[in-house]
Amino acid sequence: MRRERVRDLLSKVADGSVPIDAALASLAQEPTESLGFATIDHHRALRQGFPEVVYAAGKTTEQLVAIARRIAERGDGVLATRVTAESAPALVAAIPGARHNALARTVMLAAANPPATARGTVLIVTAGTSDLPVAEEAAVTGEAMACATERLNDVGVAGIHRLLGRREVLDRAAVIVVVAGMDGALASVVGGLVRVPVIAVPTSVGYGASFGGIAPLLTMLNSCASGVTVVNIDNGFGAAVAAARILHGATP
Amino acid sequence: MRRERVRDLLSKVADGSVPIDAALASLAQEPTESLGFATIDHHRALRQGFPEVVYAAGKTTEQLVAIARRIAERGDGVLATRVTAESAPALVAAIPGARHNALARTVMLAAANPPATARGTVLIVTAGTSDLPVAEEAAVTGEAMACATERLNDVGVAGIHRLLGRREVLDRAAVIVVVAGMDGALASVVGGLVRVPVIAVPTSVGYGASFGGIAPLLTMLNSCASGVTVVNIDNGFGAAVAAARILHGATP
Amino acid sequence: MRRERVRDLLSKVADGSVPIDAALASLAQEPTESLGFATIDHHRALRQGFPEVVYAAGKTTEQLVAIARRIAERGDGVLATRVTAESAPALVAAIPGARHNALARTVMLAAANPPATARGTVLIVTAGTSDLPVAEEAAVTGEAMACATERLNDVGVAGIHRLLGRREVLDRAAVIVVVAGMDGALASVVGGLVRVPVIAVPTSVGYGASFGGIAPLLTMLNSCASGVTVVNIDNGFGAAVAAARILHGATP
Amino acid sequence: MRRERVRDLLSKVADGSVPIDAALASLAQEPTESLGFATIDHHRALRQGFPEVVYAAGKTTEQLVAIARRIAERGDGVLATRVTAESAPALVAAIPGARHNALARTVMLAAANPPATARGTVLIVTAGTSDLPVAEEAAVTGEAMACATERLNDVGVAGIHRLLGRREVLDRAAVIVVVAGMDGALASVVGGLVRVPVIAVPTSVGYGASFGGIAPLLTMLNSCASGVTVVNIDNGFGAAVAAARILHGATP
Amino acid sequence: MRRERVRDLLSKVADGSVPIDAALASLAQEPTESLGFATIDHHRALRQGFPEVVYAAGKTTEQLVAIARRIAERGDGVLATRVTAESAPALVAAIPGARHNALARTVMLAAANPPATARGTVLIVTAGTSDLPVAEEAAVTGEAMACATERLNDVGVAGIHRLLGRREVLDRAAVIVVVAGMDGALASVVGGLVRVPVIAVPTSVGYGASFGGIAPLLTMLNSCASGVTVVNIDNGFGAAVAAARILHGATP
Amino acid sequence: MRRERVRDLLSKVADGSVPIDAALASLAQEPTESLGFATIDHHRALRQGFPEVVYAAGKTTEQLVAIARRIAERGDGVLATRVTAESAPALVAAIPGARHNALARTVMLAAANPPATARGTVLIVTAGTSDLPVAEEAAVTGEAMACATERLNDVGVAGIHRLLGRREVLDRAAVIVVVAGMDGALASVVGGLVRVPVIAVPTSVGYGASFGGIAPLLTMLNSCASGVTVVNIDNGFGAAVAAARILHGATP
Amino acid sequence: MRRERVRDLLSKVADGSVPIDAALASLAQEPTESLGFATIDHHRALRQGFPEVVYAAGKTTEQLVAIARRIAERGDGVLATRVTAESAPALVAAIPGARHNALARTVMLAAANPPATARGTVLIVTAGTSDLPVAEEAAVTGEAMACATERLNDVGVAGIHRLLGRREVLDRAAVIVVVAGMDGALASVVGGLVRVPVIAVPTSVGYGASFGGIAPLLTMLNSCASGVTVVNIDNGFGAAVAAARILHGATP
Amino acid sequence: MRRERVRDLLSKVADGSVPIDAALASLAQEPTESLGFATIDHHRALRQGFPEVVYAAGKTTEQLVAIARRIAERGDGVLATRVTAESAPALVAAIPGARHNALARTVMLAAANPPATARGTVLIVTAGTSDLPVAEEAAVTGEAMACATERLNDVGVAGIHRLLGRREVLDRAAVIVVVAGMDGALASVVGGLVRVPVIAVPTSVGYGASFGGIAPLLTMLNSCASGVTVVNIDNGFGAAVAAARILHGATP
């Protein structure tokens, strides 16, 4: 949906000739845009509060640039994840104002008129230094989704006092994202210490029988702390979106 | 912690001689109670808003009764899950007022003075009739956690209009729990339709290559709808606790 | 079978001295051709309507060229799949008229006298842009097998309206090939919307717990839409051959 | 959709006041019927040519009877699969005219006015006697879907001449369903002998490392005969529906 | 080796006519005893400090009785593990003085002249009440191996203060055996708190994706606390033997 | 093939009117016999030296009796494996002279005129008493296949001297079948001690992470002793047939 | 064992002062040779008919050269497998007379006085051209082990007539090694056609769900043809050693 | 904790103004040090006898240098494992006195005042030359942990006499670490020969179905020798720490 049409519709809402619900419904019915190789879901921002995020893995640089440009034109911001070092410069060049975060492997452009930041902070906790890239992806995504984030790094359970000594950081969070590889045990310990939502992200960090993250994934799915939920291996992006769903959406 | 000591402490809080934070901290340090074969975590209600839930699988009826009785004495309610048909009568007899739900395999006693019901409703959606026991466990748990629940049953994606025809039910939920076996695809479709948190529960329903729920588990972990989180196979209990964490806890 | 013998046989068919069935049977018994390291199945075109397809993975460029040349000499066309960028130029140079499709990783030469195109169209649907290489392999194979193909790209279930808004495309297909990675849920939704055959192709696109395509493979095998069939991970070629078997062969 | 409304609509189609496509579309939009624990998809017969099939596993006898009765009332026939010996008598008693097939574990009632039988025969081939229950489920399903079926039993590849000696049976089939456990190799051999569609069903028959059917499932997914498609382990029902999709639907 | 021969040999050692090393070697060369279906390793007590332990799973009651009797005759004690309720009475009847522990599924007869109890205590820690049978097997085995044991039950990480509040119990142990199912995270936390050897035993307790104990097994193998070692799922026996190897054997 | 026809053919061979090779070929072409649910491969005795063996798992007692009777009528003997205690009496009653071996789960009838016993003995070695049923199946099969067998039981590597003390038994074998569960290590040790063929049979005996025999299966496939071959888990039958192929067939 | 001592021993055998068996036993007890990082098993040639084979994977070129040189000095020949293109030249340079086979990845030096070639031929059959490297490793190993080999390439079951048309090749083999990837079905078909030993080698050739050779491995373990034995994935070396054990060793 | 504060504290201990236990407790409470991306656990040396070991995988060279420098400043030594060839020079340059072991992939700096070497030797046994890097990592770690080590290389069970001929080496060890890939059988054989603790390390050395070390891992977990414990695949470091826990810690 081009901005002109949105402005037209909104002016009709403003003067009362179109009721709000009707306008919202109309926007949600807007046909998607086809680039041939891609079908951009332009009203995802309306349905879910942020434009379609571009998952860069498996796409050529040309495809990335074409898709990201179309999304950027609508002014709601852009987020591309899993961007390789090869593709990043072209993306940044094509989208004025976009920033590349090499550790997180993201390219992001903030929305022109971002929504109000959600109440409450997302705390991102890591078990070890090797989990940082995944945590960084979560942090960038949280920022893109208008959520404040805080970090607590390298507090795995092999030295449990590192975590227990920072209880006040845990206590002031509204949602906690726990990023851990190897045994993934940190999620259970955190889940037992707090009553807010805990989202666990297994990482592919570890020795042989970690099996690329299966070990912490299973640990987290079997957490003896009740109500810990899990996202896919290395999926910092998904954890942050889940946190944003909670902070923006779950309080009607 | 026996009630007398809590009453004493609270009266000091009331007259200002003990500040609130200090009292809360003190309560959280209270020693646990040991039955020899079990160590009851009595201040879990303080940390997490509900007493320790009794996971009945692998425990003898005698152990169940002993543990549940101690928890019930404190007046914060009791929830036992995975209770077999053999153990349920003894539990119900031992705890006056407790109710057995055979489909959900739970025994529950409401708290004497339950906390205020959370704002917002948990919608529990099932893909098929065979998923009902898991959904029922989630519903009973939600009730125990003081969350209002609603149900939408048998709306799997093989007949997508069954779901799309009920958009208004989806739209009024604060949190959605999706319970599905076989292909588990319902979680992705629901996740793409709403902006509130979606918690997916894979079930062990299905033909051979479902592998006892691995197939829908993987589907849900790989959901193309962003921000869907997942709990363990058949874990309706855990999904409801996660929902309660969101509704009670995530809004500081 | 050398062309002279075929010509001789066919002239006898033409003058009635050999009945058609007998000639067909005789052709089917023709000995295969041995290159030492390979045994070319020259009468596969008779049994199955297309010459033996060359699976390039694990073969040297020299082997590929030798095999493809022998097949090309018979005039029934050539298809090589999984051709690397290194091997493609030599193949194209060796077989006049052959075309290389880099996205599909194929080299194809059309038959001199291709069979009549099958009635009905094969619709190839993808869940995301990253599934395109597999879809392209299916499209090239369909073309080689004399089947008309159509494409519907990037209509995964995270934005279900992208698919539902294109019902007319689904409704005019005779066979639908669904190509999807990650959760693979698209196959179930499509399978529930149409009554024609649906062939699902899982792809190796996705985050960690996709496990190189196992997640969508299991999703598709457990599809709650009845009668969806599945081929191997990333096997666009096989899906198109299955579609060709349906359009050419299943209507006696 | 109640019959009265269908009659009304059809009379309008008959007198030309409603065009055929519009009527079909309208029928497809008809709301589903809710039994509380189940949402019956009554227009599946319109979309896919047969009413919703009842998968009995995980349902109580009471639920089965309630669902099957509602479907039976519409006169399009009923098929229930995976019916246990315990549930079958109640189902047969509740649905006049229904027949129980103990080997196939099905209960079926033919449609009052069945559609015309599809052109072409579905040949169901088994590798061994132990594969019979799955093959029988396929045969009953084929009958319910108005497809003629033929059987070729116990022709596994350990004695390849048993199969080769029956080439004429293979040659007259329009679709072939191959049911095999253990090594599952029969699907590849049949797939290499015919040009019609071949649908492979792995069964859970076999020694230890069959792993409940994983071995033949993998064999069939990796078939060196091109274009063989696969359904879930022991899923004779799904294979027959796939065959019916081909014979009824793939020829526009 | 019957006691008479040992006594004879030892008297020769005592009077110096046979040197110690030679006697030890001679004992170690003693032929094993064959029962036809079994080959009893009678000098295992010499090599490893305890007679061959009888693993009852897969043996008939008759075989168990025959084997246990022969071992008992030598006076070094008997331990049978995984004894079913059906076999236990016959074993107890056949071996005067043997005791059956139903929770641990063991039958044990103490040695006539047990070796000196090892210095240091084996602490057996469980995460939950459901882990008790495995812990009990470890405790009985420890007793049989002449090791003092202590217990700390139900201190899983969902309530980490239950464990931290008992630091003094951890601190006085010489070896710690951690028995845990579900997420298995307790082993890592304990491993990070102490410097003595920690042996982790995963149990098959848990929900679906525990996969019969694979989840805690992988957690423990990937423990972020260094130097935690692991035994097989539910193998309380093996953990206790490992502890006995440490307390009896590792200090030359 | 009925005996009369064979006698006729053989008399022609005797008088020279049919050469031996031609007769053998003709016999190998004889049509199979169909019982509807089964296709008996009557000339397997000619191709492989023993009639088709009946795998009883998954067959009804009626089917077993029908198939075994037809095979028995031809006089070449009968072997049925995996016969349950329920089916065995009917089989023994139906086939005069057949014997049931409950440990091996076999029913066997010797051939009327058995072939000459092969030169060389098959030694069947077990690691533990729990492996006996599989070893017994191998022994019965060897007997049916006219191979002499010897046994060496309970010589697992935990007491390596039990094996090393019996070198002379190993040294006089022509083929060795090693049957072992748990760690399966015995196959490697035996394989390193002898130069004759070693066939390894993993068994499903063991604790949790044996995974029903996967652990010893992988051990044996990865044997560091070269040239050890492996059959399926618990497949004593297959190992004995492999031994018979070696002793009867490999020396032209 | 140094050559001088062997000569001394052999001269005593020659003059009768040491019986043959005693000499053989003595040789078999000879201590191994230690290079520090390796312990060469010099009397493997005595125990098993060929010197220790050098498995090159994971060894440095320097280690390879050192080990191979020591073995070569004894004059019984050398075989190194899995030799990389980087290591091969140094090996060939260090061992005069050794030949490198790039396809098989072997370096081999024939024995100075090779043993008599075994009676009977090893036939190596491949399903496809991509299986050639594994087959070549088997062929080189067979040659090293003094076994005559023959080849039959690219006769997979997708064109079963390619195999059936070469029955005479199958019929003249003493042992058959079947090398196949993808569905691995060829082993079952061959196993059903012949009575000699069949050794199956799964290869890592194939599409996604081949899982690096697991698919054909399981197919072969579950072969419906009795008595087919299996070696590890891509283990052409092991299959040839197994064949050599049969041809050299199994006929006492 | 900086050295000055420790000296101060210790002088108070020396003059009796602070009791030992209090000083130890105080040291253990010392806050950790945060580098932002890492939280260094400085009192691990107090709790576990050695400073936090740096696991280099997944860390940048800059992070490694920063972390290692801080640890080195405290004078208790440094150990970094899994150091790549790229990172090693910078680490060695940054930490005067540190040594790089390329085979073990470690960088180590000895403690300024190392603790007394433990009584008893750790024997590290390898099955093959390819297991050396893992064994070397164990040896370096043992040295860092103040444990004497001895080596016995290349004594796998395919030539069991290589091991049996070195019984005296086994007999003088206090703890044995067995490093083995492929079939992993060596751990069981060693475990059956000695009574001291045996720690098994599976390695990722081997052919296809080794699956990156799963095969020996399962072998070792299922060891028929009682009381063998296991660490993660390729985890030589963890095995040595476990040995150090035994030698330093298990004898109170």
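The chains carry the letters A, B, C, D, E, F, G and H, assigned in the order they are written, with residues numbered from 1 in each.
Keep this in mind: a contact is a pair of C-beta atoms (placed from the backbone, for glycine too) under 8 Å apart; a residue touches a chain by one contact, two chains touch by 3 or more.
Note that the structure is a prediction, hence the values are computed from the model and not measured.
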Of all other chains, the one whose Cα centre sits farthest from chain B: G
Contact-pair overlap exceeding half with E-H, pair selected from B-D, A-B or A-C: A-B
Copy pair chain F, chain H: interface residue numbering same or different (half cut): same
Rigid-body rotation angle, chain F and chain E, from Cα fit (steps of 5°): 90
Averaged-CA centre spacing for the pair chain G and chain E, given as whole angstrom: 43
Separation of mean Cα positions, chain E and chain B [Å, integer]: 38
Gap in Å, rounded to a whole number, between the CA centres of chain G and chain F: 26
Centroid spacing, where centroids are CA-atom means, of chain A and chain G in whole angstrom: 54
Shared-contact residues (touching 2 or more other chains) in chain G: 128, 158-159, 192-193, 207, 209-210, 214, 217, 221-222, 226, 232-233, 238
Chain pairs that touch, as defined at the top of this document: A-B, A-C, A-E, A-H, B-C, B-D, B-E, C-D, C-G, D-F, D-G, E-F, E-H, F-G, F-H, G-H
Chain C-facing residues of chain A, complex: 29, 31-32, 34, 36-41, 44, 52, 55, 57-59, 63, 67, 202, 204, 212-214, 217, 232-235, 238
Residues on chain B engaged by chain A in the complex (per definition of touch): 47-49, 53, 119-120, 172, 174-175, 192-199, 217, 221-222, 226-233, 237-242, 244-252
Residue ranges of chain D in contact with chain F within the complex: 128-132, 153-155, 158-159, 161-162, 165, 205, 207-210
Parts of chain F lying in touch with chain H, wherever the complex brings them together: 127-128, 156-160, 164, 182-185, 188-189, 191-193, 206-207, 209-211, 214-216, 218-226
